[in-house]
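Two complexes, one shared chain (subunit A), two partners (subunit B, subunit C).
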Partner chain A sequence: MGKRIAGIFWSLLFLAVPVLGVATFAVAPAYDHWLPKDVSEHGASIDSLFYFILALTGVVFIATEVLLFWFMWKYDASQQKGAATYIHGSHTLEVVWTIIPAATLLFLAIYQMNAWADVKMRRPAMAPTVEVVARQFEWRLRYPGRDGTLGTADDLFLVNDLHLPIDEDVLIQLKSMDVLHSFFLPNVRIKQDAVPGMKIPVWFKAREAGEFDIVCAELCGWGHYKMKGRITLEPRASFDAWLEQKYAEQQATQPAPEAPGDLAKSE
Partner chain B sequence: MTPPTAATVAPATGHGSTVLHAPRKHRPVAEFLSTYVFSKDHKVIGIQFLFSTLLWFLVGGLLALAVRWQVAWPWSDVPVLGKLFAQEGGQMSPEFYTMLFTMHATVMIFLVIIPILAGAFGNFLIPLMIGADDMAFPTLNMLSYWFMWPAFFAFGASFFVEGGAASGGWTSYPTLSTNVASSPASGMGQTLWLIGLTFVGVSSMLGSVNYMTTIILMRAPGMTMFRLPMTIWAMFITAVLQAFALPVLTAAGFMQLADRMFGTGFFSPEGNVVNNAISGAGGGQPLLWQHLFWFYSHPAVYIMILPAMGMVSDILTVFARKPLFGYRPMVYSIAGIAGLGFIVWGHHMFMSGMNPALGITFMVSTMMIALPSAVKTFNWLGTLWGGKIQFTTSMLFALSFVSMFIIGGLSGIFMAATPVDIFIHDTYFIVAHFHYVLFAGTAMGVWAAIYFWFPKMFGRTMNEFWGKVHFFLTFIFLNGTFFTMHILGAVGFPRRLADAYHYETFHHLQPMNAFMTYCAIGMVATQVIFAANFIYSMFWGPVAGRNPWNANTLEWTAPSPPGHGNFDYQPVVYRGPYEYSVPGVEKDHLLQTDPPNAAASAAAAAAH
Partner chain C sequence: MNRQLAFAAVVLACVAGCGKTPPAQFRLNMVQATKTSAPDSELKTSWSNWSRERQAQVATILEAMFGTPDEPVALKESGLDEAKLRLAAGPVRSDIVGRKNGLYREHCVHCHGISGDGMGPTAAFLNPYPRDYRPGKFKFKSTWRDAKPTHADLVKVLHEGVAGTSMPSFALLSTAQVDALAEYVRYLSIRGETEAALFGYAEQELGSGDQLPTTREFLVDEILTPIVEKWQAAEEAQIPIAALPAGVNFDLPGSDPANRESVARGRALFLGDGGCVKCHGVTGLGDGQANDYDDWNKSIVEVTKEVVGSLEASRTAETSGMSAEKLAEHRARAEWLHAFAGVLEGDALRPRTIPPRNLRLGAYRGGRRPLDLYRRLYTGINGAPMPGVGPSGPGGKGSVADAEIWHIVNYIRSLPYDFDGELGADRPMVAKDRF
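Coming up: the complex of A and B.
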């Protein structure tokens, strides 16, 4: 009898895995421990893929964990009168449980290619809206200025305070001066490492205005944790006004550089 | 195979006048050294690996607690240990935190998981389970252990050099790791890290050639490849992985060392400015390191799980009293994982700036590598179906391996999906994933193996009651610590930040992190039970016979513990390792060495 109680105890402990596991995921969104608000156009396809995989893996998770519990419960030695089943496997089962996951995984692989291509491969044909240069431990920003061209004397320089217009494509030219960094916008579903020696294009279209975090997501040294920036997404008109105001401030506080600045040299 | 006696040694060491010497006295010190320290016996070497790695496991665990402390309560005074590294009265600095997680991963991966699987269990089990008297190259085997010591010293000493131990992450990405100006610990600490890594590599390589040779050439009569237990198949394929992947890491390590010491610039691009100073000549590419590093380190992920899968497969059959379900599919799926394991390294680099089209290629191969893992899981469940399950401590750990590996396997699909990876890459989602595979998977599998083979190692069994307490608490606390990490990852909480709460997106996550840290403290504290049980049982546990679990494989036919040369007879193998509960046979198991039996042959013929 004691052995049966032990069997029940251990089986139920293993049943707690799927029960509490699913409960954790079910409760977390209610406490705002979940995907942060998404304001990008492409984010919906990422989030829906996340939910799709969550549902798919959730079903497999529950099925396999419950089966494990059930076998522990049912085939407890103290409950079995006869000998264990003498079987070495089943060719049919092997075929079934190879082909079904294979087909599912292949489908998943093909299904997601389009979303990936949208974010990382189908670059809009336009000049960069802004250049973001990462360095220990800040985000240096350079807007093209009135002439719309980067690397000229009228470029606007700022640090950590990124503004971009909504409802239109924006193209960021991402660089790093020193070590690896990663340009992470949780609310825009964008992440891209900044690599010394490379110019990497990053693009998106924001749907909604708001002010959000820029996070460094690749270890860049002791101050990695404080490499924080802010991104302000706003309608074109207020974006232009902000740009104009910052440009005026720059003109007022420092004379226009005679030659392109340091950053241009490093190109 | 008997140890050399004084008489056989004397002529070699004498000066031509040995005849005149009186018979030598026993030399206890020399004998102790050759038996327990510089031993060439695979069992002693295996146990040396086991003790060393368990000690480093403790170090790695304490480093993890310090990391957890900072994540839960940033900048608050560290209790007890804070005094040791007090910079500002007991609170840790961000550079210290960076060093902590770098060295936690380094210690756990290079000094615990890899050597405990291949070094400890590979060494101890391979000759015993294939019916050999020792490894093919006993001296190489001894060296594979002693090459770990320079690594122990290099990693250990690096904590005490100026700037502290390496703090560029265990992946050691340039240019943070190559540029001395970019980080306080990028000086001597990083150099020692690279040296330590090289010695671990030498040790692994010596072990790997030995394992392959031994398994191919030294199997007992009748032990065909398809009569090998899964443990040996897993060790064999792991050794192949090591042998082919490791040279790439070694080369990359030397390149990074050269970058740091001679300014070669393999990994540094032109015009790199660190701390306002132009650094080096350039001409290199930081991504090159990532490719080379992951070309080894992704197969290494399988080096860190396959042996545990093999051992768990064997333990499940013993305590379910059933043949392994789908032996050949299990072997093929390990081989499949190993083969595909060489072409998925790019999934660590989806966000790295690598060609996104290449990302798609790696995404497809990564999706497909989930398949053999799924097949293995289904076969484990098939093994339990219809069994007579005995809930021993070892079995509970093995069952939890299956349960936890399901979580770790499924969470991998999220990261393999490149669009989802854009959001969860470098967040706690990945931290949850690899802790489910490496701690909840491999470490639980290792505990299953320790409780299971302890009687063979020391001739005594461990205490079952305290073993179950150890299991229960570890199981609860590990899920408390690691399951919640998935949720942090879903919020986008980045890894490796000394303090993330100043971000608007993450400021509300502190209570959850505090909960996880309490669980982590509980998890480490629980291991006191294990340590006490281990040490007590070594000396005072109940004496085990040759075959305390009624298992089938060859090691259980040898004495416990086996003497030098292992077997007191020549084992001859007549069947596969999983003949449990054969109909018509009186006892419920048929050892691989039991002579052919008419009823068993008939049952086997009917079952196939």
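Coming up: the complex of A and C.
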């Protein structure tokens, strides 16, 4: 009798995996644990790919887990009287479950090509809007200034507080000063590793204004957790005004009337 | 069934954790504690017992005056804001209002250490080392060289970080949080300076066997108040900023014809009266003298040299003819030197030299605004070998007139972008070509 209980325990434990797994996904959006708000032009194609793959793998996941439960339940050793038979396997089955995933993967590889090219290959022909240099543990920013060229005397230097215009292409030149980092803008559906020694172009077009997080998505050391920045997407006019204001601050020759506390917002 | 129970027990143990961490404690400045407790002829017990007693006494006094890392205390006379300290101190946690506490341990401690000694677990890997707050010396500030930084100065460093070092920017923390952290840095400094004053007093005034006085008059009026007064005087100790002389225009690049005269004047001062060339080199590459130390490292270098020398002398000393009294003194001294060598090995980071800045990199530790460079030039950098070209105090006279400093600022700002052939074949890469 005790053995039967053990069999039931283990098979139900295995059944709990698909049940809890599906339940987690079902309630996650209600608790705001779903994809962050997308404000980019290309994000929709990435999200639809995500949902498509989620559905595909979801079906396979549930089928596999239920089958696992069913085998444990049905073929519980304590309930089996006869001797077990050993078979070599099924050649047909092997071929089928090799070809179906292979065909699916091939389909995905072709189906996603356009989305990939949009984000990683079709770079807009323009000078960088800003240079982002990742560093343990901050994002150092350099804007080209009025002459539009990086590396000249009117460059604007800032840290962690990235502003970019909406409704137009922006090109970011991504570099790293020390180790691998990953420049992740969840709300713009951009994630790109920053590699020491490389200048990597990153581009997007934002549709909506707002303030969002910049995070580091590659464990880069002790202080990885504090590598959080802020991206402010705003219309061109206010972006330009902000650039002018920051540049004026950088050119200061007399102390400002108040302490430099304008960046900080109360929590 | 037993196996299932064991499985459940393992899961529970993993979730609950295995034990409580002991409460955080401040560490004494062992280098200083040992340095100031050289044995004298009056020493009756063994040196190690006596020095341990003195250290325990200082630790007790400090705890009474400043509390612990979890429970900081701000005496009224310290001028510190206890509410701010509580926000920064203690383990990382949220209180009832959902406000984040323990900011120092969240953001600072792994480099600057629980006692603000600049010896957190990651410190040894950094160059330059993180700041040791205990001597109360700060580099990037708006005040006279020997004065303390203002609150705004500390906030600025937290906001912008220190470019070219491992100090990152905390620009996205709220004003209240940055204020609390700046206050906590002040607290660690005042605490460290008080500790230094106590050990210094003991060395100067007390013989072996004497105890430090513990009266309020002594601890607060004689030790704490002079330290706090310097901090409170910071706001009034800001250096004057001269008006821009004609011909200096920072909105134009340094190479602009309109600026050429000013840049040339700046260059002449850089090579001449300013004396910058001695360390930063003719090219501004920072290739002048490069084997000097900053004050923090220098104190370790000097004391190490002394201890090693004395230890050698003590080892080779002829002891056979000594009287019993002399021999006891000799032994106590040897014990002290051995302990000192151990402390230098274990409680201090290996000294690093501080090379002069390469001015063609365009990385400015104390800020890149013309105003920041003016302040660096005017007072020099406190704690570093960099001297100021302005007067050393109000009413004094510097090696360069106040308004003329702007020309040097102009020249320095042109260096990262300027390569007009003056440097020959080995000219440095300009910022545009450099990775």
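Please note the rule applied: the second predicted complex is superposed on the first by the 231 of 267 C-alpha atoms of A that agree within 3 Å, B and C clash if a C-alpha of one lies under 4 Å from a C-alpha of the other, contacts with A are read in each partner's own complex, and residues count from 1 in each chain.
Going forward, a contact is a pair of C-beta atoms (placed from the backbone, for glycine too) under 8 Å apart; a residue touches a chain by one contact, two chains touch by 3 or more.
For clarity, every value in this text was computed on a predicted model and none was experimentally measured.
Check the residue A:175 against both partner chains and state whether it touches subunit B (first), subunit C (second), both, or neither.
The answer is second: A:175 touches subunit C but not subunit B.
Please indicate which partner A:8 is in contact with in the superposed arrangement: first for subunit B, second for subunit C, both, or neither.
neither
For the overlaid complexes, name the partner, subunit B or subunit C, with more touching residues on subunit A.
Touched residues of subunit A are more numerous for B.
Quick check for you: in the superposed arrangement, does A:157 touch first (subunit B), second (subunit C), both or neither?
A:157: touches subunit C, not subunit B.
Touching A:19 in the superposition: subunit B (first), subunit C (second), both, neither?
After superposition on chain A, A:19 lies in contact with neither partner.
Does the superposition put A:62 against subunit B (first), subunit C (second), both, or neither?
A:62 contacts neither subunit B nor subunit C.
Applying the touch criterion given at the start, work out whether A:138 contacts subunit B, subunit C, both or neither, answering first, second, both or neither.
In the superposed model, A:138 contacts subunit C only, not subunit B.
Pick one for A:223: touches subunit B only (first), subunit C only (second), both, or neither.
A:223: touches subunit B and subunit C.
For A:254, select first, second, both or neither according to whether it touches subunit B, subunit C, the two together, or no partner.
second
For A:209, decide between first (touching subunit B), second (touching subunit C), both and neither.
neither
Would you please give the residues of subunit A that touch subunit B in one complex and also touch subunit C in the other complex?
Common interface on subunit A, subunit B vs subunit C: 6, 135-136, 197, 222-223, 226, 228, 266.
For subunit C, which residues are in contact with subunit A within the complex?
Per the stated touch rule, the residues are 1, 4, 99-100, 106-107, 110, 122, 142, 151-152, 155-156, 159-161, 163, 166, 168-169, 171-178, 238, 241, 244, 250-251, 253-255, 368-371, 374, 406, 413-414, 416-417, 430-435.
Could you please specify the touching residues of subunit A with respect to subunit C in the complex?
Against subunit C, subunit A makes touches at 2, 5-6, 9, 135-138, 140, 149-155, 157, 159-161, 175, 197, 199, 222-223, 226, 228-230, 249-255, 259-261, 263-267.
Quick check: in the complex, which residue numbers of subunit A touch subunit B?
Residue positions touching the partner: 6-7, 10, 13-14, 17, 20-21, 24-25, 28, 32-36, 45-46, 49-50, 53-54, 56-57, 60-61, 64-65, 67-68, 71-72, 75-77, 80, 83-90, 93-94, 97-98, 101-102, 105-106, 108-109, 112-113, 115-117, 119-121, 135-136, 177-180, 182, 184, 186-187, 189-198, 200, 212-213, 215-226, 228, 266.
Touching residues of subunit B toward subunit A in the complex: what are they?
For this pair, the touching residues of subunit B are 93-95, 98, 167-169, 173-176, 179, 182-184, 268-275, 282, 285-287, 320-329, 351-353, 356-357, 359-360, 363-364, 367-368, 370-371, 374-375, 377-379, 381-382, 384-391, 396, 399-400, 402-403, 406-407, 410-411, 413-414, 417-420, 422-423, 425-427, 472, 475, 479, 483-484, 486-488, 490-492, 494, 496-500, 502-505, 508-509, 512, 578, 580-583, 588, 603, 607-608.
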